[in-house]
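Okay, got some structures for you below.
Common to both upcoming complexes is chain A, partnered first by chain B, then by chain C.
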Partner chain A sequence: MGPILIHSDASTWINLLTGFLIGIGFGFALEQAGFSSSRKLAGMFYGYDTTVLKVFFTAAIVAMIGSQLLKFFGLIDMDLVFVNHYYPYAAITGGVIMGAGFVMGGFCPGTGISAFSIGKMDALVFLIGGFVGAFLFAETFPLIQKLYMAGYKGPVKLSESLGVSDGVFIFLVIIVALVMFWLAEKAEVKFKRPDITSEL
Partner chain B sequence: MGSLIHIQKFLQLTIINLLVIRKPYMNPYMAGVILGVVLLAAMFLSGRGLGASGGLKYCVVSIVGAVDADHVAQSPYYSKYFEDSGKPLKNWLVFEILGMVVGGFISGALSGRLGFKVEKPAHVSNRRRLLFAFLGGILFVYGAQLARGCTSGAALSGMAVLSVAGFVTMIAIFGSAYLFAWFFRKNWI
Partner chain C sequence: MNFRTTFSIILIFLGILVALLPEQDNHAGHLKPRTLANFIGNTDMFITVDQVARMVLDEDSTMLLIDVRTPEAYRNMNIPGSVNIPLQQILNPDYEGYLNQPNTKNIFYSNGDMFALEAWMLATRVGYVNNFVMGGGLNEWYQTIMLSEFSGDQISPKENATFELRYKARKFFNQMNSLPDSLKTGFLLAKKSKERELVGGCE
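Up next is the complex of A and B:
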């Protein structure tokens, strides 16, 4: 029963090897999607390429449905799967800073690693900036600690706070995603930039 | 003899076809399904989601620890990463991002997309592109430490487990990027 490595008390090295293998799949999927191209990613914010939205929501929905099916058939104990802890102020402030970094740098950390892996030098410089960012956070931590911890709500699920079952909630996410996919396809026509997309 | 030459030619053509001829990207919905299955595998095997900024953080913590051990011992932020094994690099996320480099390289090789390049529109100078890449990297990973995860660990993996944190972080990242997009439009379009 899953999560297999938590249930079986696997050795540290087996767990690390699993991380490495998962990483290979992760890096492969990101590169195949075209996330190794900053101009393709930036298309999301100017409308000419909405691959980011399509890949992101398809992946989230597949994982949501998959985990529900595994749970339904008794194959996974979802109580042992990490649920992100909600610190509202840190999540929003951090998210806003990330958004600015996204549109300036053209990457997020995962896509930066993906682009670096095929030789993109702008991605290497982005990742070096990323190291500096992590260093600055560590050094300024005493100053920002209050914001970092403020308003802690615990590992809350959105389905719980809306008072619906996980299944109903996932169904709603799928509907919203389908509407967004439809809008994304429209946007790609309306904001099309064949001069850019032909070079990607 | 003749058939050997044929086999050699066939192999040459196959290698050229794989490594040199550039192939189109995968259909985004198909790539999304693969990414979703990888994420599900992380949940099923290790009980966790995917991540990227966390792995970078452990590398930085490790470097700082090697350069200035006293500073690390005195700082409540750094010292917690040396408590368990004393080796911050011996971490699931670090091995995962190493795997990402390998997986991305394999994908790039099979699709004829390997090559050193600074990617940018023709009207943007290399210097400008790299400066903004550097600044963007600083901001993104700083924000990711604050929000306890980036697009992978907080937004994507957080949404997959239906966490409020995941949805809020996702909306904050993309909402903010749309707001800032206007200011940096000349870098991209």
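Up next is the complex of A and C:
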């Protein structure tokens, strides 16, 4: 609960409990949105099911608008919100590997855990693969350290690099999201496949 | 109007609202005016020149002397061991490494009290802790340390100790202020500690 100003004096266990409850909510929402289905997840790349885009873009917009409103009402300190450090070459390389894994496996790490929790064996194998990958990364880190560290830019926010305020940037993201939602609807019609989930 | 249109209109409306919101200065560490007023009323912010002289001679690493005058005035003459952060630069993020250290006393001084007190106010307002002001500033230092003289027939041990302290401080002051600039600036860099960073993510 770090950045929430009115709770800055809450004890550690309250913070951890809140994190736990939010985690439960997140897993519940993922499962209810159907993200335990690898067909639904892979459908984002083939175009016949764009639920992933809609859900995650909506979640991002809710988070952005919510945090700005909380900041305006003095309830949140945005300086305490961690901004990921930007390693451009590592991000691109990791993104390509993750994208390939996502399409092939039909899961990403979060949805893999969500699927495993409802008993799917392919999710278990996917997660084991994920742990093996993380282990290999750690063991081979000295060899790839140069690529990992190349072009390090520090914790950069898109709004800062574009030279606009956070509020204006959020408005631009909303416009992009609405355009993407419209394109996603078009793609679903174009790449439609028969729904086999009821037969399984 | 179908759900998609309604949803899109609501999102655009919220986006415009958020884009037009003014910037807010909400920082967890910053003191609100009432808190600051209470703090001022209940805290002892002054340190005497004798106490500063003692800390300078002992090379006390738990204190940082900060000269808030202009760089020219600082180069001309300063208390040995002090760093120069002009008053207008107190809130410059480059100097946060010096000031935002919870275990170090920040002791501000200027020629008198006014600018040092202003620096104290700014530093306390943004949440830096352990801020003090050298009472009387360099004027008081000059009167007390530099012009310190013993007069009279007898001297008590306490007076003797104070006189000795002031004598050593005067000597040290004259020695350090006659050094060339290059040796003085090396000192400044050595004093800067690593800034505290926000920790999180995969770092």
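Please note the rule applied: the second predicted complex is superposed on the first by the 179 of 200 C-alpha atoms of A that agree within 3 Å, B and C clash if a C-alpha of one lies under 4 Å from a C-alpha of the other, contacts with A are read in each partner's own complex, and residues count from 1 in each chain.
We take it that contacts are C-beta pairs under 8 Å (C-beta built on N, C-alpha and C of every residue); 3 or more make two chains touch, one makes a residue touch a chain.
The model shown is predicted, which means the values in this text are computed figures rather than measured ones.
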First (chain B), second (chain C), both or neither touched by A:76: both
Touched partner set for A:148, first chain B, second chain C, both or neither: first
Which of chain B and chain C A:133 touches, first, second, both or neither: first
Which superposed partner A:167 touches (first chain B, second chain C, both, neither): second
Touched partner set for A:61, first chain B, second chain C, both or neither: both
Partner chain(s) touched by A:85 [first = chain B, second = chain C, both, neither]: both
Partner chain(s) touched by A:118 [first = chain B, second = chain C, both, neither]: first
Chain B/chain C common contact set on chain A: 3, 5, 61, 64, 75-76, 78, 80, 82, 84-85, 170
Complex contacts: residues of chain C adjacent to chain A: 4, 8, 11-12, 14-16, 18-24, 26-28, 198, 200-201, 203
Touching residues (chain side chain A, partner chain B) in the complex: 2-6, 12, 15-34, 36-40, 42, 44-46, 48, 51, 54-64, 66-67, 70, 75-76, 78, 80-88, 90-123, 125-138, 141-142, 144, 147-148, 153, 155-159, 161, 166, 169-170, 173, 193, 196
Chain A - residues contacting chain C, complex: 3, 5, 8, 61, 64-65, 68-69, 71-72, 74-80, 82, 84-85, 165, 167-168, 170-171, 174-175, 177-178, 181
Footprint of chain A on chain B - complex, ascending: 25-26, 28-29, 31-50, 52-53, 56-57, 59-61, 63-64, 75-78, 85, 90-108, 111, 113-121, 129-130, 132-181, 184-185, 187-189
